[in-house]
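Chain lettering (A, B, C and D) follows the sequence in which the chains are written, and residue indices restart at 1 in each chain.
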């Protein structure tokens, strides 16, 4: 990674976001394997560079919309570990009071407009957030995260085209982790770069190294500036890797079936955005090893605090069933 | 009071609310020219930003409305025909219809989806289905199906001001209908029924165009000495159960008239509710009058036969009397 | 007779029908690996052409099934979760559900749509809605919601052989259930209910997982001296009205149990029908037991509270007895 | 138009198809204006070259799927005037016994799988017809007609991608008549050529002159041959013009509003596929004027016969309401 001129505080900021996501997700994985979390969880491990790089290029006013694999996006946008963890446990102290769960975390106060369990379901909504910015002459931008699989949904097509025709400040960030569930992206589309689809909407389509958080930041920042300047939407394809399962617990569920060969899996696992960034930060002497370790310790501790708090958070009252229905 | 068409009343509601609140805007396919004349003239008054033509992309347009709503605006999303909304079903059911709850009350989606509902213009099955029953099923969406210009205007204004997603259904077959519409501003609360004809022998419950079928039937019945009460629900979700139960307590007889396919219809809901909650007041079995249970045919002759007629209603009333 | 899981029974039905008829094939997202284990092993046996993985494109995949059906094949289209089918709603409602009629009988769309229906696995609202009520409303689609491995297998085989579009609904919450499934081939006709427990005091009508709730309630009621009959409809469209009316003629009391949102639900349909056609046999008001009227929450505690429980059923039965 | 080497019988065939469509549609317009037809009608006048050119490249076994503007497709595929006209009148003698109407004509015997009133609704079904051909190792191809407006529907995206990933023999024929209802295509998308969207699916995307029936034929034939040879789908964008209204009766309905300027409308009307073809046929002495006139007379007469037959055809019996429901 060569990123001359990247401000030190930005690098530290991004590094921190990546690390926060990693430590949180590792713990979620552990908790799920121990049978402590209800429902399904889809971890973001291996893809942290994308959310971290993109969100570092945003202000607090800018909004994001997320997916079933959404924890990383919430954290990168500044989400609170405690309220997230409590939500994963389905507790009253969670972001959504236990009504949302892993696939539906939102924090409207920090412009995190919600994770959405329907593949492709967030794109139209992100267009709407962009429409809002345009309508109110705000310089807010709207970001939408989605996967390679989602790029084959009709909503992708309609959303990019609509954002383009109205010249809306929307940045479509495709996290191409090479798989939609068990189906390789190359089997679900006959093209190498999803970014090429931008041609069909008359907007820029860029491929970025989705393992390199600093490159993602640079590419995202350019798109953000373009959008703020009234230049309309951009499609960014971040080539990344899912380090593990589609959903936790997959191994048991698949009953011995495999869909990734050893070499590909090993290669994917080798491309670790945290490791890369750690090396960069160390080699460029951005932070001394002690501070890096201290940071890690701090984050790990706050994940543990979040777990403890989530455990202590009460189950939702049955009366809550009928709350939050009408505004 | 001036008598206005349904189309004019809707147009007034839209214009008045857009004048009142700058966060209200209209988005959809060809809303500027106006596929339905009710959106005409708004573009001239409100311009590019507030009357937005879109590509033919129902899913994205519906979702864009939702995204705009949760970031503070009050979109009116025109999806044209009820069936086109099938393409946006995910956004409406999964997102608008659950977002507030799913996110623990953090947000609200204050927007209106507007479509033409039901049959009557020989447009063939793809342009002639009623959709209200689907959205009545969804816990967090309001549904409105007015039968008169007066009700349409007052309810649409309330829908636009409501902080929740509202599906506002209009009916091509009411396009030309006129009623008195005051010059002064008025609102009709969502969820309140209106007794369109008072009567003591039987309660006929309907909404939208079916109200006129019910009224026609009531007129004929009157000359045969049967005094029917016709309740126009106007709002289908929430619906005014109290008004219906009160009427049934008086009449002891109940007929639901609904222009839609029979199974799991609004008529089924009303009939089930009356049977459940007013059983001991009932002197006869509840009756449902709906479309015949077939897709909507094109031929005007068949289309007419497929829809509930005044004769069907009269027959149903007579079944409650025998 | 061997006892098999629901998953195994479905898998057998698919494999047997694919062996029997080369025009039967399976298409959907990840059907080869099998997101639901019921499609596992089929790829190994039937290969590339007959077990087709697709991109995540519900609308096109559903439509592709329809196009293949009207050109002579018998697709089984797996759309995974009920709510994903909202993205294909247009193809199912407007096209599959009307094509034969709309084209004057020129064609038939013999295909099966398969999805998991309803809640119960703490998956959150987007993965936990029941969809059967929407398709019951459509005049030209059959709907099946079995409650046991035996019924599932026999009905799925019938669905695959049926010349009409059939929506086959399975339930994650039944995944582990076992029942006797014969080794010899058998079919269960679509539209035939099954009395899962005979009784004389009250008729409880249900389908899918709700049948087990009803049976649990019946067991408790029995110890309180109330003898409930539990009718498992199995097919929701067409549904076995005759069996229900016959039972009500005997018991005079009726409770509908349905795991879905209350309004315009299957429960509403059954209750309305009984109130309409068996009114004079009824000794007490019909009762509905459904989900609470809120989107489906994630928290297991809330999810459980949102679904109909045996206690809810018992309370409803008691209302018919008081 | 220069089409050296185009076989004479093909030219005559295509000319006949174009003329049949034109005369039929002119009569439908008249009947509608006279208030004799129920419902909505969308005429194909100005676009005849597309259906005629494409269908001339097909065999009777090949299938087509059509749109709300479908009369031309039915006729080009060999449909029967009488059964069409009776259907437009909603009569029992119609193709669909009066149950379909203008937007839902089908003739399964000639591979016309149906017109569909939902914009974009036919594309997935055409993919299915292609799937069928692939599944049965037939060399049948499946053609889908759709408009420029439909190219912005999600179904377009999903259908092209699905057909591409399965390498299906499907030809997507986009009739870019520059408008979707009252909205110009250039406003509904930020690109000049819809054909460019093919890039996003890894399939060929070709622009063809949609006014020149013989060019359409050549382009379609190449796509058909490619599809039959297992080469997979092609997207053909036929640039054409809607000569008149979106739907008949529009003028009254629009209440004085206009959306096409005089120049554009005049230009569109000048590009008449029938005139062009007539000139070509005459100049190249393919058929003598007398025969051309005789052909026209014949066609016009058979349109009139169809109208007479439609008028005489009985209204559907009410009992028919309950027929054709279950197979």
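The rule is simple: contacts are C-beta pairs under 8 Å (C-beta built on N, C-alpha and C of every residue); 3 or more make two chains touch, one makes a residue touch a chain.
Just so it is clear, the structure is predicted and the values come from calculations on it, not from any experiment.
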item: Farthest chain (mean CA position) relative to subunit D; value: A
item: Subunit C and subunit D, separation of their C-alpha mean positions in angstrom; value: 40
item: Gap in Å, rounded to a whole number, between the CA centres of subunit C and subunit B; value: 30
item: Subunit B-subunit D separation of Cα centroids, rounded to whole Å; value: 36
item: Geometric centre distance via CA averages, subunit D-subunit A, whole Å; value: 45
item: Residue numbers of subunit B (touch at least two other chains); value: 54-55, 57-60, 83, 87, 90, 94, 101-102, 124-126, 139-140, 294-295, 297
item: Set of subunit A residues in contact with two or more other chains; value: 96, 98-100, 104, 116-118, 121, 152-155, 157-158, 161, 165, 187-189, 325
item: Chain contact graph, described as a line, ring, star, complete graph or other shape; value: complete
item: Touching residues (chain side subunit D, partner subunit A) in the complex; value: 152-158, 161, 164-165, 187-191, 196-197, 199-203
item: Touching residues on subunit A, where the partner in the complex is subunit C; value: 38-40, 87, 90-91, 96, 98-104, 116-121, 149-150, 152-154, 180-183, 187-189, 253-255, 257, 259, 315-316, 318, 320-322, 325
item: In the complex, subunit B residues that touch subunit D; value: 29-30, 32-35, 37, 40, 53-60, 83-84, 87, 121-127, 292, 294-295, 297-302, 305-306
item: Subunit C residues within the subunit D interface of the complex; value: 25, 27, 49, 52, 54-55, 57-73, 75, 90-91, 94-95, 99-108, 110, 139-140, 163-164
item: Touching residues (chain side subunit C, partner subunit B) in the complex; value: 59, 83, 86-87, 89-90, 93-94, 97-98, 101-102, 124-126, 129, 133-134, 136-140, 237, 260-261, 263-269, 271-277, 279-280, 282, 284-288, 293-295, 297
